[in-house]
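Here is the structure we will look at, set down as structure tokens.
Letters A, B, C and D mark the chains in the order given here, with residues in each chain numbered from 1 onward.
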Amino acid sequence: MIPERVEIIVIGAGLMGCSIAYYLSKDKREVVVFEKGNIASGASGRNGGQVIQLEGRDKNPKTIKERLAITKENNKILKELEKELNFNLEYRRTGSLDIALNKEEWDDIKETVKAQKEAGDREIEILGRKETLKLSPLLTDNVFGARYRPSDGTINPFFLTYGFAFSAQKHGARIFTHTSVKNIIKENGKVKGVELEDGKKVHSDIVINATNAWSSFLCPEIDILPLRQVAVVTEPVAKLPVYPMEAFIEGDAIFTTTQTKSGNLVAGGFRTQARERRLHYDYSVEPVELSGSSAIFKRIFKGIEDVCIIRSWSGTMAVTGDCLPCLGRYPEVKNLYIAAGFLNGMAYGPMIGKLLSELIVYGKTSIPIEIFSPERFYKKKINWPKLYNYTVLAEFFARV
Amino acid sequence: MKELKIDASFYLNKSGYPSEGRVKKGPVAVIECIEDIPCNPCEAICPFGAIKVGFPITNLPELDEERCTGCGRCITACPGLAIFVLNYNFSEKEASLSIPYELLPFPEKGDTGICLDRDGKYVCNGKVVRVIPPEKNHMTGVVTFSFPKKYYNIVRSLKIKNGKEKNNM
Amino acid sequence: MKDYRIYQHPILGKIPERKKITIYFNGKKLTAYEGETIASVLYANGIRRLRKTEKFNEPRGIFCAIGRCTDCVMTVDGIPDVRTCITPVRDGMKVEFQKGLGKWKKKNW
Amino acid sequence: MEEKELVIIGGGPAGLSAAIEARKKGVDVLLLDENLRPGGQLFKQIHRFFGSREHMAGVRGFVIGERLLNEVKELGIDVWLNSVVYGLFKDNVIGVVKENKNIILKAKCIIVATGAIENPLSFHGWTLPGVMGAGACQTMININRVLPGKKVLMIGSGNVGLIVSYQLLQAGADVCGVIEIMPNIGGYLVHAAKIKRFGVPIYLSTTILEAEGKEEVEGAVICPVDNDFKPILRKRKEIDVDLICIAVGLTPLNELLYQAGCLFTYKPYLGGTVALHNADMETSVNGIYIAGDLSGIEEASTAMEEGKLAGLSVAERLNGKSYKGEKIDVLRRLNDFRIGTFGEKRRISKEEIIKEYYERVKD
């Protein structure tokens, strides 16, 4: 039964929502999660499961340092999480590659690694062609080289999200799926609770908006952009060390995840050009996206021409104006929090849950999260073109 | 174990079953079709118009026992293999039954075997007296075999015992 | 060797004349006829276990026979996950067991 | 992207009939089938069909199959074999893999006639080699001409279970018994009588507990059930079989319709989840039609009639003409099969679907 009043309401049962619910309920808080679909039915259940601590080509020393501080801690949590949640997560620390398939990409990677080393990142390495191919023989021979981070890896996104959901429930949290929130009730600058789709009101003094690509429907003052991508899975190939990797192809980012435990290759991130905003929520895959993904697959791996694609799906991630997450207190509304826009959710999920519960329970976080403050987007008109296209995104990637 | 039991009572006074009197007169068709299934090839094939289904085609077939001569054309036309021809007066002590037959080895005149009832249980011994090869009617043969007269309402099948072992294994 | 082919059928008549060919099953020679499916040739020779499952190593064979359930997949001429219940045999074809989903093995990896 | 007028997916009784009917009305038809030979279930149905002369009653399934293939050839219909449709995308776009080549088609109208798949039944040991669908066994004996086992247990006494048991006798197997969990058989009594008089026992209120064997089926344990379908374990009985056929119903193959965004409803008498469709056999997605077992599990005879109906409906739409007279004939022949104790329930379900279509689908 849906309660009348509860201490804390979390909207959205994705990785962030469930992780926040877990840490809050572990800290003896009364938490209820409302989810319009199923657990992990958004981006959390539609990504490739790669754990890349510093995805993208971040060359800004400040953001490098602050992001790494969080993702390093997240990586430590992941190591112990299977025991703590008593739940198989299929977590493997395989390391990750960001490969260059042409000269420009290779220069960009070398430049990024240089900036990241200078910003204090001691783990990052640069590998030439021979070393990259030794690590991952399935890669195409005309790879220039790659950035390598040994402590990255892959995880099963469903298990991670469900692991948090079940453990949160064990600590007393309640999760109501297929229960959609219509709007967040605010009175004179304070959050009062939420109104559900059927008009029922649930009162609470603390509300967390963890709906990612749907954030702006409930918090219109911040424009979180939906980002629909297509993923494809092949039948299993021989067990080879094939690392989770990123490859930027002519400004079109494609993140290729290595083999699942049973040997299938997962490739995600293919995007057709501009799309109207509402089409980002349409999960039907188009044939051109299938042939596009397979074409890129063949450029990244060699000798897989006759390996069949057995499944494809699409999912909606979220991206902010500057491609960094939007996390923390929601401006001008007391006790309303937001967590959205993680381009690599697996590298943040557990730590974001911890940090946000610290912020709510103790008023401050063990690691600074000001860099992700929602303030930076509040009521700012982000001059996205109506049909938002990828060159703008590529620019953002470059600026970060 | 509870088994499906089928016996004469299912069919005796139904529209496709000839009366006692007609049976004693000479060869006659016996139609054991008692469910409203959409089907009427028996009506169409009978050269004497002795079988009536009418509309809708789920009506049970009615045997006009006076018109029926026992010619047997309907035996191979029935998709349900539910029509036989009974000749109560095959001989002084024996009756004969013509059944549709679609199994191998296909019996030959003179073969002997055991007669089974509608439940496949042994009733008596029997002898093949006439056969129409399957090729004649789209691979449904007709086997006529004789057996003691008193079983005329029970015997519905024949299992060849001494036939040449021609099975295909 | 047992032969489960139906050479004589009361309705379908004699088994159609077809060219005799040879296939290799885990290296063992088997006679087959053009037009037969791989699984039918194996079943005709009394071989019904076509693969083992990945996790529990359970024996699996034909289940749907129309190429839908993929329980009959084997590795044929090096290509894994071939649905043997609908794939016709070719002379000299090599058919092997596989455990769970077959693995692609390529020279240049 | 190749443009087509009408693409028919699935060359079984429904797909073939639809192609013939539409082609006769001048429609440019492309028929796709994933097998090396179209015909679907027709070529394994060696029994004579029911119905009346108009339904080709008394003719064996594979003979009807040959006739339809000849008609398709004579009408010069374009048929792509060994062609798998992997996707039915928005705006009637179809993804086909034909002999390992990926082809994208766009069609004004699509008739999906992909038929059905047999329901599985899970009991201990049901994954052993030697346990298979009754239809699968029918394919093995009548098309592949191979006996998958000698001593057979048939689970399910619907028409499929009874007819395949008879066809196993014809193929030279020994049918040790048919078991049915209900207190009475599901199929026609004539089909039960056909096998009973050759000594095949039909056990009612009986279920299967287990298939025995390490590498393949070597036996089975069957057991009577009480009124609540609970096995009465002390009465269980072991039987010596090496083949177990499962004949517990069929389910429409809805994947493509689901992908295309069609609306569905649930009708137990028609096989469960069925796509909403109107009297013209059009689904809730404009331009996508269905026919045959996909639109509700019935028989090959009704599949052929529904194929004609769909073909005529598409021809009406593309030619801008009315073929009302012929469609009424088809509906009359269809109705012949949907009356009586067996057909009535299906007819009511069909009418409910059409009513629900007009309630939920606003054009």
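Basically, contacts are C-beta pairs under 8 Å (C-beta built on N, C-alpha and C of every residue); 3 or more make two chains touch, one makes a residue touch a chain.
As the structure is a computational prediction, the values presented were derived from the model and not from experiment.
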Every chain in contact with both subunit B and subunit C is listed here as D
Greatest Cα-centre separation from subunit A belongs to chain B
Name the two chains that are joined by the greatest number of C-beta pairs in contact. B-D
Geometric centre: closest chain by C-alpha means: D
Distance between subunit A and subunit B based on Cα centroids, please, to the nearest Å. 74
Distance between the CA centroids of subunit C and subunit D (whole Å) is 25
Can you give the whole-Å distance between the Cα centres of subunit A and subunit C? 45
Which residues does subunit C have that touch at least 2 chains other than itself? 6, 9-11
Residues of subunit A that touch at least two other chains are 306
Which residue numbers or ranges of subunit D touch two or more of the other chains? 60, 170, 172
Can you list every touching chain pair? A-C, A-D, B-C, B-D, C-D
Please output the residues of subunit C touching subunit D within their complex, sorted ascending. 4-6, 9-12, 15, 36-37, 40, 43-44, 48-50, 53, 58-69, 71, 86, 88
Taking the complex as given, what residues does subunit B use to touch subunit D? 1-4, 6, 10, 32-41, 44-45, 56-58, 77, 79-82, 102-104, 116-120, 138-140, 156-157, 159, 167-169
Which positions of subunit D touch subunit A when the two form their complex? 87, 89-90, 93, 95, 100, 102, 104, 259, 261
Please output the residues of subunit C touching subunit A within their complex, sorted ascending. 54, 79-81, 100-109
Tell me, which parts of subunit C touch subunit B in their complex? 6-11, 13
